[in-house]
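Common to both upcoming complexes is chain A, partnered first by chain B, then by chain C.
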Partner chain A sequence: MITVTNKTDHGGDVRLTGISKTYGSFTAVHPLDLTVPQGSFFALLGASGCGKTTTLRMIAGLEEPSSGTVFLGDQEVTHLPPYKRPVNTVFQSYALFPHLDIFENVAFGLRRRGIKSVKKQVEDMLDLVQLGEQARKKPHQLSGGQQQRVAVARALINHPKVLLLDEPLGALDLKLRRQMQLELKRIQTEVGITFVHVTHDQEEAMTMADTVAVMNAGRVEQLGSPTDLYENPQTTFVANFLGTSNLIEAEVDSKTNGDIVLKAGGAGKLVLPEARCSAPTTTGGRVLVGVRPEKISLTHADEAGEIPEGRNRITGRIADSSFIGVSTQYVIDSPVCPEFEVYAQNIDRDARLVPGAEVVLHWNPAHTFGLDAAQSLLAGTVDSAGIDEQAAV
Partner chain B sequence: MATLTEAPPPLTPTAPEETPPRKRGRLVPYWLLLPGILWLLIFFALPMIYQASTSVQTGSLEEGYKVTWHLSTYWDALSEYYPQFLRSVLYAGSATVLCLILGYPLAYLIAFRAGRWRNLIMILVIAPFFTSFLIRTLAWKTILADGGPVVGALNTLHVLDVTSWLGMTSGDRVLATPLAVVCGLTYNFLPFMVLPLYTSLERIDVRLHEAAGDLYAKPVTTFRRVTFPLSMPGVVSGTLLTFIPAAGDYVNADLLGSTDTRMVGNVIQTQFLRILDYPTAAALSFILMAAILIMVTLYIRKSGTEDLV
Partner chain C sequence: MAFVNWLKRNLVVIAGLVTLGYLLLPNVVVTVFSFNQPKGRFNYEWQQFSTAAWQDPCGVADMCGSLSVSLQIALWATVGATLLGTMIAFALVRYRFRARGAVNSLIFMPMAMPEVVMAASLLTLFLNMGAQLGFWTILIAHIMFCLSFVVTAVKARVMSMDPRLEQAAQDLYAGPLQTFLRVTLPIAAPGIAAGALLAFALSFDDFIITNFNAGSTVTFPMFVWGSAQRGTPVQINVIGTAMFLVAVLLVLASMVVSNRRNRQKA
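This part shows the complex of A and B:
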């Protein structure tokens, strides 16, 4: 059925060099270099209007780049029309042909390439996506999840070098989306084709992709593995867009063997490993110190003495707490940061940790990251989304 | 537990109150239909019955007509005027094909390529309706006039030689030939083709074009396999809206044709208004109606879009 492509060849590499797209005076994608290695699951992640779909469409040939080149393996395809490119797309709304049944939808690409006996291949492909029974139904007779699988089957049957997925799960409900994420990941592992996946859902990108490129306003902010992006964000946009980050503005006090010591408002000293700071640090300069909410421990102020030495600590008062089952999410009012978020696992809950309680927040300095203080603290947060889009237009 | 015992279902007190408005509510659609039904009864069904009875009457204008169930009027009308029937089908059919050939690219252009010019082009398509049908047809008399620029150009290009050979024109003339009638019909019914075509093309998601291209279909194949099949409802309703009125039309044949181009509409008109042979005219009308119904049914069956029209 499906040939598993040799992972060592480079036929399925996608190489974009200096690729950009402008519409009149609006730049949708700034010149961009990107290499997606053969056989990887690559995600382009960003808010709507960040240029991720435009980038995908330039790979598919549905959009002509304003500059730059697109290579698939060793073949330049920049100016090839879509029907001559060895890529297939799973469209956002599936774009199934409403006048053809499921079988003919899936067979469409094979027939266009003049393949005569399509029956076996189509049936195998429909079995792969568990739709063998539905072959003679029309698309509108299927549920959203089934239509989605037809769209995947219709693209995959052509053994493309690269499969492009444009928000393929956007129209599905949450539960089905989770299920399809795993399903797509399974298919990708099985067929070994390069997948380029566009999504605005950070959880989806992190669950499925080997490599994620976070895009913002037509530029790639950061590229890396999900863990790398989450643990070592390089910009405030990435820090806020991927999960939640607490960011504190601090001043460089001194540097000692690989650690930077910082002063932050009334919080005393904070320690940040130099390797985890993406900003230039000079004594007296300003740096944004970040820490993820789940890395922080909460201790009631009465027991502050029991906190081990060598941990970063900040004092504050619980402003709000919400119990969400696996964890409790606290919002802490602190002099250095007005809304400090802390997620605590519900293992041994301290009954005194209720809104109004004075607490000490402490965490391992190794979990601290440093960012350039010249950026907006709010980039990539929900509040700033509207402003970003206005600025982009 | 407590709520279970305390809350008996309050169905009994409210049920009688709820029923009457429901009943009245159920009748509302019929009340709303009433004006339309009355209109159809008075202005469609009654005249049809009247015409049906006329078609089986015998008599004369002086002595008055009586219903005598003289069904042979139908046979007589058909055997005498079948050339006009055939001509009607031929002219209306040719005009419909021409309308489709001219109208499809235009509708396609408006639906997919016109961008911000879309509304303007739509207005231009509909604009002729602002002048009278008669005036527009008369204008074609001038356009196709003997010695006019159109005829001159066609003559120079030897097009008229070809059309004469095909029997569509005679000599150096276009006016008073079948070609002129078909041109008039095509012109007058073109908007009835373009509008339904546009409506069904405009509904096609452009992403389907992208998907077809993405699946290795060349633009021509995309048109043949995706766009055209999806526009079939528009093609069917456009051809019906063109063919049916064109088959019964008499103005174009009257103004642009000659005695050799008379269509069945002209015969009916003459029978009714000049010869005053009402039974024959009524019988001809019914034959035309039946013929069109049969052709349309066969056509819809053939194009397999019963559920879409």
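This part shows the complex of A and C:
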């Protein structure tokens, strides 16, 4: 039954072209193009109501797209009912059949396809998810983590071309979720099936997926590897939704061999590599300058002279600091931004770096990224996510 | 003082036993008097123990015939009302259609309407239609008033069903029919069974509506009523006791089965 997957096989590609979904006047998903290559672990990441689950359900066939097409490999499945698609889903609440035991739940898909001898396959699959002992129990007799594994086994046993996972770890506690993330990743590597995973947890997406598509308000904001998204965000939403970013408004001063020199309020000049700026840069135009908190070093103002040349610097005063073990998180009040965040590793702690101290923040210009200044600084932060959610309800 | 404490500790049990006694006493009387050997035609005073009636339960003219009529009507009314009621319940929960609100409230009319009024109106209806009163008119009437009970029971169950279960079934290659037979129906089954049992009991028991619309057909309740004018044969108690026993046995059997199932799983 198991088809050997090789890198040139495109049977498990998922191709969405111009796919959209509208409910009355509400647009859940704007026309969107997406290709998920065979054998990859792909995550759709976004706040609730951003259209990620609707997109997933359109691939599963549980939702009919308002426009566009869905291709699995070379087969168009846009109008096929779910039971005719070589795709299986792990539902958010698992949706295990309460009247059937674990064995029968897992065997369900095989039996519906008319396969008579299911015993061996089901037992192997239950062993894969380490539930061999529980075969004759009913779903409600299992713990949340076990139910989750049954849901995965029930879908995987059919060797779908694509496995869809709709927030599969949402109901588990933190520790179990970590464990299941690794478990799912292991299973995916083992079976080599394309996984499309929907989640609102950025850490989960980054841990598991090869490629992440960040969705916001029915659109894909950015698509890339977790590192790429984190290091080179293209929009303020991505910059804020994935981790934390410090964003400063600045004006383009000049350009010199691949670098853009910017003027930012009282901070003097900042340097930004042109390649890391996603916004149009004309001299005198405005861009948002971003830098991640852990890229920044803190030096006490008394030793400002010792900072090497060529680093971006901003002066400020420590407003708050919190020690969280592996790092200390500082909030710096600076002329360009009242709440500049800096995470410093606790290697050699300078005892003078306490709230009230005057400091210089400095970082390698290569860690700076530039964004279009025409967007909201707060997109993708906790505050605005709350608003999105209310709007979606 | 010790007695007061004992009373405090056992009050719940005592209250339970008293209530149970209150509920069961009539059944006990029916059972005891099925072993009576009355002197006259009326089985109202205890005379002496006898199993004569149990040995010859159909010894009274026409009684077992009426019993058979009642069982047949109850069976078909149950089948009809359960089928229709289940479909109505699914339609009301799952679909949005023009008269949904109206159907939702009108379906309870037979429950709220005084039975005797409905019986009289039904008779008017049947007479105006020129229908021949008998088995079929009784059956139609019974299906009608059982429907609302079935709908209520099934609706509650269907409403609490997670629609994702059916989506999961479809996702696992079950077509619409398979999804219904393998997932929807088994999960709704307890509600449907409850509705069916209720329908059977209501139909078997019904006197007022049946009496109006029976024509020359005689059901068991009608037979009991009729014979009560002229004398009550002990066999009536025998049938009553037997029905009670069957019901108790069914309940016990289902308890034993579910207990055993739970123990196997645990």
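In the analysis below, the second predicted complex is superposed on the first by the 384 of 393 C-alpha atoms of A that agree within 3 Å, B and C clash if a C-alpha of one lies under 4 Å from a C-alpha of the other, contacts with A are read in each partner's own complex, and residues count from 1 in each chain.
In this text, contacts are C-beta pairs under 8 Å (C-beta built on N, C-alpha and C of every residue); 3 or more make two chains touch, one makes a residue touch a chain.
All figures in this text were calculated on a predicted structure; none of them were measured in a lab.
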Room on chain A for both chain B and chain C (clash or fit): clash
Contacts of A:G109 with chain B and chain C, given as first, second, both or neither: both
Touched partner set for A:Y343, first chain B, second chain C, both or neither: neither
Which superposed partner A:L62 touches (first chain B, second chain C, both, neither): both
Contacts of A:F71 with chain B and chain C, given as first, second, both or neither: neither
Chain B versus chain C as contact partner of A:H99, first or second or both or neither: both
First (chain B), second (chain C), both or neither touched by A:K137: second
Contacts of A:P81 with chain B and chain C, given as first, second, both or neither: both
Overlapping contact positions on chain A, where the chain C interface meets the chain B interface: 60-62, 81-83, 87-89, 91-93, 95-99, 108-109, 112-113, 154-155, 158
Parts of chain B lying in touch with chain A, wherever the complex brings them together: 205, 207-208, 210-218, 221, 225-226, 229-230
Chain C residues within the chain A interface of the complex: 162, 164-165, 167-175, 178-179, 182-183, 186-187, 264-266
Chain B partner contacts - residues on chain A that touch it in the complex: 60-62, 81-83, 87-89, 91-93, 95-99, 108-109, 112-113, 154-155, 158
Partner chain C, residues of chain A touching it in the complex: 60-62, 81-84, 87-89, 91-93, 95-99, 108-109, 112-113, 136-138, 141, 154-155, 158
